[in-house]
């Protein structure tokens, strides 16, 4: 099963139309990715950035927003690895409203490239990360 | 020529990798869209929402992030109408770093559907908006 | 003991000086307040707003920022009721870095007035809330 | 006259009670401060941080929120220097709703200390900045 974490829609995520401001969904993706690193790979994202000197700028993203969310909703957000390239990783995200698992709320992906945090020099996906992601991919096919 | 507005990267848009946090680009798209309504269509976006009772939830978005941006950068952001459907509008966005017009920084689009702000009932693109957008599309082919 | 909830500093809370952007601390106060309602008063803040028709605009705030926080830090945030007036409530907040309980990171308060969410008409603190807060104040003197 | 800059309330600044989320006012203070540096002191805030190696963490803030703001409002925000200490600067902010100059919307202050951006070592207010702020204080008593 894919990694899943719960995110609460907070008071300030709501826009003046009364629903979650759509750029916040990309923020939710990032929050879920931070949890993925901590839980699935056993390393805090802050340590990835500053100890491993590894950052993941996004170069492409796509997203379908299927249902609107309101304040009080909770999202069960799945994170998976869609593709593991030489220097890039494609991450997939699926969000379900808690208590309403039948219907997807949001589904998206982003392509990140691996760079050194301090210089932004592009590098290969490091071996420690590649192995961790492969293990995770086998566990949630 | 397409509508263009300038957006300053602000201090808090920067993430812990030292570049613009990628969900902020979608926020920049929205800021530019708000300016597009005020300047090109002559109506404040707040009035569209609350006087015209018209909102534009996003149902799909795509984005290529070509160059990173840092604090101090300014973006010249173009907004255009890519497709005008029965109930949906597809908006296009291209961002250039001010002072470096040769190279695009970010390029994206989102599909919005027209709904009533108070009920979120889907409606046709209203005639006043359709005419305004058609005029703008003829001016920036 | 005062109500306490944990908040993680997230990747995008960091500003271009490398520390938590100070307005985010006020956001942390609000996140903690939302948890306070859910846990201590047994009502979701979204229901307070929309079912109880009760909102809490802030009219005054004060805050001391004692230690800087970085990405990866977690804050144990205490919420308490400092004063319960006729129409106003003064909330207190104290934040400690998790794993470093000796030293306070942030300490602040805000004064909120009770209004109807739909009209913003000022009202007395409703009896259900007054009783709940009094119980909580007795429990954490 | 004090330095003044205009800030537009944007779509996403609004919270689920329909007014500007109060932590956003502190963000407006910072936006106005960034403009103050560019306009009054002739240096981009990004250059202060990274070329001058000077940052201004906030250690105390106070704020009165007098009137609520809604989407569509514009704020004329004044920035002034209230006190210039050895290592600290106290900044003052007053916000007025554009078109309604009689009544103040928000008034606040924050105390910042001067530190080196790269090490966060506390330093004296540098002479170039002290002179610039003194000139500005004489011009807007």
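The chains carry the letters A, B, C and D, assigned in the order they are written, with residues numbered from 1 in each.
Quick note on the criterion: contacts are C-beta pairs under 8 Å (C-beta built on N, C-alpha and C of every residue); 3 or more make two chains touch, one makes a residue touch a chain.
No experiment lies behind these values; they were computed from the predicted model shown.
Novice: Between copies chain A and chain C, what's the superposition rotation on C-alpha atoms, in steps of 5 degrees?
Specialist: Copies differ by a rotation of 180 degrees.
Novice: So which one's got more C-beta contacts, A-D or A-B?
Specialist: Comparing A-D with A-B, the pair joined by more C-beta contacts is A-B.
Novice: Quick check for the class: compute each chain's Cα centroid; which one is farthest from the centroid of chain C?
Specialist: Of all chains, B has its centre farthest from that of chain C.
Novice: Measuring from the mean C-alpha position of chain A to the mean C-alpha position of chain C, what distance in angstrom results?
Specialist: Computed value for the inter-centroid distance: 28 Å.
Novice: Just how far, in Å, is the C-alpha centre of chain D from the one of chain A?
Specialist: Chain A and chain D have C-alpha centres separated by 34 Å.
Novice: Counting only Cα atoms for the centres, state how far chain A is from chain B in Å.
Specialist: For chain A versus chain B, the centre distance works out to 24 Å.
Novice: For chain B, what residues touch not just one other chain but two or more?
Specialist: As it turns out, chain B has residues touching two or more other chains at 11-12, 16, 18, 21, 23, 27, 30, 46, 49, 71.
Novice: Given the complex with chain B, which residues does chain C contribute to the contact?
Specialist: Residues of chain C touching chain B: 11-12, 14-16, 18, 21, 23, 71.
Novice: Going by the contact rule at the top, pick out the chain D residues touching chain C in the complex.
Specialist: By the definition above, chain D touches chain C via 16-19, 21-24, 26-27, 30, 46, 49, 55, 57-66, 68, 110, 117, 120.
Novice: Which of the residues in chain C come into contact with chain A in the complex?
Specialist: 10-12, 27, 30-31, 34, 44-47, 49-50, 70-72
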